[in-house]
Amino acid sequence: MTIVKDLRDGDEFVGFYLIKESEVKQTNTTPPKDFMNVVLSDASGHVAGKLWDASASDKENLVPLTLVKVQGVAQLYREKLQVKIVRIRRTTEADGVQLTDFVRSAPVQPEVLLAGIHKAKDSIADREIRDVVDYCLNKVGDKLIHAPAAKSHHHAYYAGLVYHISRMLELGEFICKQRPFLNADLLKAGIILHDIAKPVEMVSELGIVSDYSNSGKLIGHISQASLWVAEAAMRLGMDPDSERIMALQHLVLSHHNLGEWGSPVQPQLAEALALHHIDSIDAKLQMIEDAFDTTGSHEAWTPQIRGLENKAFYRLTF
Amino acid sequence: MTIVKDLRDGDEFVGFYLIKESEVKQTNTTPPKDFMNVVLSDASGHVAGKLWDASASDKENLVPLTLVKVQGVAQLYREKLQVKIVRIRRTTEADGVQLTDFVRSAPVQPEVLLAGIHKAKDSIADREIRDVVDYCLNKVGDKLIHAPAAKSHHHAYYAGLVYHISRMLELGEFICKQRPFLNADLLKAGIILHDIAKPVEMVSELGIVSDYSNSGKLIGHISQASLWVAEAAMRLGMDPDSERIMALQHLVLSHHNLGEWGSPVQPQLAEALALHHIDSIDAKLQMIEDAFDTTGSHEAWTPQIRGLENKAFYRLTF
Amino acid sequence: MTIVKDLRDGDEFVGFYLIKESEVKQTNTTPPKDFMNVVLSDASGHVAGKLWDASASDKENLVPLTLVKVQGVAQLYREKLQVKIVRIRRTTEADGVQLTDFVRSAPVQPEVLLAGIHKAKDSIADREIRDVVDYCLNKVGDKLIHAPAAKSHHHAYYAGLVYHISRMLELGEFICKQRPFLNADLLKAGIILHDIAKPVEMVSELGIVSDYSNSGKLIGHISQASLWVAEAAMRLGMDPDSERIMALQHLVLSHHNLGEWGSPVQPQLAEALALHHIDSIDAKLQMIEDAFDTTGSHEAWTPQIRGLENKAFYRLTF
Amino acid sequence: MTIVKDLRDGDEFVGFYLIKESEVKQTNTTPPKDFMNVVLSDASGHVAGKLWDASASDKENLVPLTLVKVQGVAQLYREKLQVKIVRIRRTTEADGVQLTDFVRSAPVQPEVLLAGIHKAKDSIADREIRDVVDYCLNKVGDKLIHAPAAKSHHHAYYAGLVYHISRMLELGEFICKQRPFLNADLLKAGIILHDIAKPVEMVSELGIVSDYSNSGKLIGHISQASLWVAEAAMRLGMDPDSERIMALQHLVLSHHNLGEWGSPVQPQLAEALALHHIDSIDAKLQMIEDAFDTTGSHEAWTPQIRGLENKAFYRLTF
Amino acid sequence: MTIVKDLRDGDEFVGFYLIKESEVKQTNTTPPKDFMNVVLSDASGHVAGKLWDASASDKENLVPLTLVKVQGVAQLYREKLQVKIVRIRRTTEADGVQLTDFVRSAPVQPEVLLAGIHKAKDSIADREIRDVVDYCLNKVGDKLIHAPAAKSHHHAYYAGLVYHISRMLELGEFICKQRPFLNADLLKAGIILHDIAKPVEMVSELGIVSDYSNSGKLIGHISQASLWVAEAAMRLGMDPDSERIMALQHLVLSHHNLGEWGSPVQPQLAEALALHHIDSIDAKLQMIEDAFDTTGSHEAWTPQIRGLENKAFYRLTF
Amino acid sequence: MTIVKDLRDGDEFVGFYLIKESEVKQTNTTPPKDFMNVVLSDASGHVAGKLWDASASDKENLVPLTLVKVQGVAQLYREKLQVKIVRIRRTTEADGVQLTDFVRSAPVQPEVLLAGIHKAKDSIADREIRDVVDYCLNKVGDKLIHAPAAKSHHHAYYAGLVYHISRMLELGEFICKQRPFLNADLLKAGIILHDIAKPVEMVSELGIVSDYSNSGKLIGHISQASLWVAEAAMRLGMDPDSERIMALQHLVLSHHNLGEWGSPVQPQLAEALALHHIDSIDAKLQMIEDAFDTTGSHEAWTPQIRGLENKAFYRLTF
């Protein structure tokens, strides 16, 4: 059985895959025939496939998010690998495979990650800051646990967002120990809140983002999170103009660092600058780690990574 | 009597002025003597002045925002005009001058301008939009009427902000007539709300901004206004995620057009783009008009104007 | 009968269209067969079509700018809609359709728009300025009336340029009333002259630009218009270095505002800055208006608009 | 006798200098005394000077463009060298010095340079191109021979422009030999015409630019030169739309290469690109050569040079 | 016989070509058939070709870098010319054609160019500089003579690099004569060394670059050449911190002028600035010359040239 | 006794300070008198001072890097604090003060920091990498221990560089634990080597940089360090083209991330990207920490910090 990232030109293979997308098309021949474009995926990546002479039941059964068993041949087409599907069928219980095994996801259970985030929240000593964070975690609710952190930029998979927050909390804790002048409560809160509105900014299923929501486009997750902080303050009877609330707003608003990256103000609190850099280093190292994971081990270089100045990365051999 | 903008090198003059700033200094001579740096202003501009051998009563009386009668000589110093003060005294009732005559201000009474803004608000047909605008006008309250529109960029004087809003409302009304596909209610609301939080972003007196407030620096007037819209929706029992509220938020958030100018999202509603351009054209034409007004009529060119690509403007002679 | 912008995936339809482009191709089959790529258009937009097994008369008849009746099926292909042509024939008189109904054009008759422009020219009080404008209108002559304002950026259709100039004249008149310090004669002249050389910069038919002319590429419409102003001055016996002529040159040369947008000098007359902003706001609001008009009414968002920072715009539902 | 560029901190010196600027000021003492700020210059550079206790005849005599004999002391003030003038008097015939020896100028006689330019013009084989160049040389007339090439950027001295053109002609001739596909006539014409309007763009005396002219600011030398080419074509009865005239216009208009540097079109003829690069390399190497010439030979580094990315240059010791 | 650059839509032709790339593909028909994509080239350019119904011997014989005789038809496909191959066979001795005639190459024999470079090196008077240059020429050895100067930017063909260096040496010599303050030894050395590591930065055959090497990506030819200069100094027993070595390092490191173009330092020696400009003008004029050479003589405009601000260039007709 | 950062306008004070700079000047009075400009500093900052009527012994004794006892008055002058020196004398042994107490320095002993760096080096498991690091540490030798990390940007004080390296090693260790796919040996080596050539790039004493060295300007510390790595490989008999050496070169060369920040190549190894971000976060958080330390505790905002987008930072009060 071959996983997607190990397919090479000329390989004949059999394996289980998840249908990520599919569509029925007609050939240009007379008379025209129906064929299907099917994107096959597993946790290691995805690849485009062609099913010629699709039957009526193929067209009915091979819909997105279906698990299938496939026999096929991998071929290079315009420098991209494509699969010519020879045989394909839906999986049955007897195959013993399950959907979530075929979806890219964080390497830690989402429930464990979320519990860790709540624990970090509970460790915030300042009651007002803790209550605001708690309010916002409740506000986003179940949408948080499985959301990806981005459409494609970084942590773009199932539970990617809680994984990102968790690793940032670890790094934030270390840096607060190195630099006691930083307010650890505020930094923790900023880490938990900075992307808290992403699950409503994007429309996603199983970690796959299909689009941005209307409010995601017109307001954006940064301003949305700041509105939630304001809502928390009002609902919890706090002064919305207090320095604590202002500081939380500032961390959320400035965490993209520059106006051209979407932040209406630039970091002017030490914790805001720390937040931006912790966010950045975690996102970028994850991009490389994920690129190595989804690049065939026979490749010396990853594909170009858009979030990293469009650079490819080299896999050291020593 | 000479107004500031008409002073030229070598002029000996007598006139009434407002002290904008003052400080006591010591000369380097042995023994040192006290002298004063005094910035004199009137509605036409301001100029730096030196008062040598300042007496004890000078030092006590010549404080900022005092009206004075001055006899002096204008001199060029490092290509800037400076005044050597020969005689100076506080004005008395007998002089018949009053403070507000010496402050730059909008050419229309602030009360008239504010009434016009309220009238425009009342003409909004959509009840929810009108109520949000009303809430925010009440929220900013008395701070609105005398506020400048900016520290120095444009409309930087007494009642500059209400003047700016009023002219924008006129232009917005014209454009909505030209292009009926625009939602006039939404555009009116956007014009009134876009800078509504400026009076709390800046610390000003008599239209002169001394600094930005802490929240002005850490949150900014754009995000602040969006928080007020959210507050209005909550206090008025509206759905904060309704399309109307989302549209108002979008107009406020996007009105600076680009991220590097402070907008976290870019215009994606027709009314938002119209708002940005109406704001821009009114601010920029006012910059030129003000520059001509405060440039001596003997000068063919205004000074360089920072908000206009640092260009000087030429005064046509035909 | 279905207009282009209302076509959706799967629609079977019959309608009249204008052939915008066509070409004969061969299939890869053995033996190869001839088929045709035909771009169908009407006033609401255009769509690519395929005609398989094209007959000899098809190949002869289906040339660009021909009106045809089509029976077809709309299909998504690589996320773009395409038409599979089932039947196609040239229209006959009996069909009662005419070419100009199938071309996108300004919403007002070109003759009416041009008459308005001449009226505005006649209202210029300053004789020298009026004569220069008159000379340039005569110079461009018949080429003006049907020219688009741009290849694709804005007003890219039949009589788009005179429509653009007309709306700008309305807006300019309003702004001159708001701000009497502006020279209305000069602004009117600038509005009429700023794009006067566009008809010779681009090669167009029925409002569709096929290319830029050689002089359009090597000199550009901005410098070309300034050469016409100089020609006018010389032919009319005026002093080419007079302030009036210099001011007209300046308005033409600076109307793109920035060097990177093609202006060799930046606005340094109040009227030049007003001209730039009036040009900009009219072009941009028209882009949105046109995008809404050519986007199916079932779509919440327009396509991304290149001239508007590549943003899509949202259609409000209230 | 010490030339300006060799003055160092602490030097007591005597020498002849040209007064470049002067002004009378008053001290802050009681009673105030008159002193003078006098900028002294020679062909090697300039330096600021102070004359304390200026007499009535000093104030009358020490006007700009006067030659003087000075005894003084050089002192560092805020990291810049300044001269304390001990004695100063106007020169007399007996001193045997003359004005032009104290002005920076091209290292070749202006008349010789101009004759060379005319010779190059006469060598243009294409009659129409030659006639246009001839017309423009006549148009600028006497203003050309002593004009600097720029205010401060490069060749900013007496006859700097004809020197710049002459060196460019030499380099252009070499490159045309290396690359025969280039049209040598067109390139020669472009070199002579590209800056031909600079003498009317700037107001200068003895190679020192005091300001830009009104038309220099509002039209600029690039568009001005293109207007002259058009004028030449009209006066000489040529077709203004011929390819020759279009090519000349293009070379003039595109020679600054980029829009942000003032060119409304970018080079799209091989000769236009060659012209831009020949202009650039001659200007930049001259900047360094001049910087070394006006930097004391005891200095290892020149001052930062604005036109060269603000870099200082190092003087090799081998 | 037709050369590639003269092919036009509809041409039926016979000729000799070099196979630059080839691959075997299958059609979508049932049953599928094999066909081949073959890129045909000669010294004038290259074109994509399709060979339908490829035989077993076709698939075996038609490999890259094979010379073939082709009968075919040229057709436009998506605005690009494509060749439908009717007949194709490998050439035989009897055809009297040889590989190197079908490869784009410098217009002068590589051996002649290399000899000229060695002669320039030998003319360097300064022994240390000459020895370093000699060491580096030996170090790169045989890889230099046939290397292209770039992957596609400029001089992207057989012996392109030695041709580029040779022309730069000519131009450098001329400029040193014009400006004797330049150190001719240093400039010659810089010209020879600046791209000396390019042959190890890129993987090429017959002047065609297939990829960058690992060290080419991770270190780059600029830093690589500086490491070679250091190696030369160490191996030859020179002081690596001497001014001569430092100057050579500086010329190599700064020759791309700006950080964003890959130079870690900017030119701060006159010779370094001269080197940059000589490199630039030679590369850019060659881009145009090559574009004219590979554009059919019936075309008025070249394709857009990426290295020249993406501009197309016009071919003058006079 | 008052430390520099606590001085406020009007304070009369007595204290010990280090003279950082001094110069003798003359007044403009007749006769002129000598006075001194003296910059006073301690570990908390520095302030400009004036000593009027300087005696002969003052002029002789008050040289830079002298410890003095001062009685003075603090005064605002052009919005900057200045000290008027009333009495001043050199310190004697009896005062019990020592130079190093008055210099800003890292908060840990340099010897301790350096020992830690050596320990980290010794923990590198890969022998070749360890040997290269060891060679370079020996090469820079004693110059490393007291060097600042930058002229003014960050860690600009005594032992700032070893402090910076030490904190980066701690952070690097943490991140390697978080992300085991990173090569810890390589990252450690990169952290130690990345700025290893800074001590020869800058001329400094007691942590105060007076200038950049010639090689610092012409080669820069980045390329210099890469030359040292090459030297190490050659001297230690390693293959300079091995992947290990190439990787070390890459980390050094790419650590500024972008070309415009001085890196000739961009990070393309995971460790190189990690190195850049660790460098960046440590430098930037230190800038804020230092700004708070040197800003009077009565100030709510630090001055604007150049390395942080020129933003001031706010000191939280909770």
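Order of writing sets the labels: A, B, C, D, E and F. Residues in every chain begin at 1.
Here is the rule we use: contacts are C-beta pairs under 8 Å (C-beta built on N, C-alpha and C of every residue); 3 or more make two chains touch, one makes a residue touch a chain.
Since we're looking at a predicted model, the values are computed, not measured.
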Would you pick out the chains that touch chain D and also touch chain F? B, E
From the centre of chain E, which other chain's Cα mean sits the farthest off? B
Note: of the two pairs A-F and A-E, more contacts are counted for A-F
Report the inter-chain centroid distance for chain B and chain F in whole angstrom, where each centroid is the mean of the CA atoms. 43
Just curious, how far off is chain C from chain B if you go by their C-alpha centres, in Å? 40
Please list all residues of chain B that touch 2 or more other chains. 29, 214, 217-218, 243, 247, 258, 268-269, 312, 314
Touch relationships between chains, expressed as pairs: A-B, A-C, A-E, A-F, B-C, B-D, B-F, C-D, C-E, D-E, D-F, E-F
What does chain A use to touch chain F in their complex? 126, 167, 170-171, 174-175, 178-179, 181-183, 186, 243-244, 247, 258, 266-270, 273-274, 277-278, 280-281, 284-285, 288-289, 292, 308-309, 311-314, 316-318
Interface residues, chain F side, partner chain D - complex: 23, 25-26, 28-30, 214, 217-218
Can you list the residues on chain F that touch chain E in the complex? 214-215, 217-220, 222-223, 226-227, 230-231, 234, 240-241, 243, 246-247, 249-250, 253, 258-265, 268-269
In the complex formed with chain C, which residues of chain E make contact? 27, 29, 33, 35, 50, 52-53, 75-77, 84, 300, 312, 314
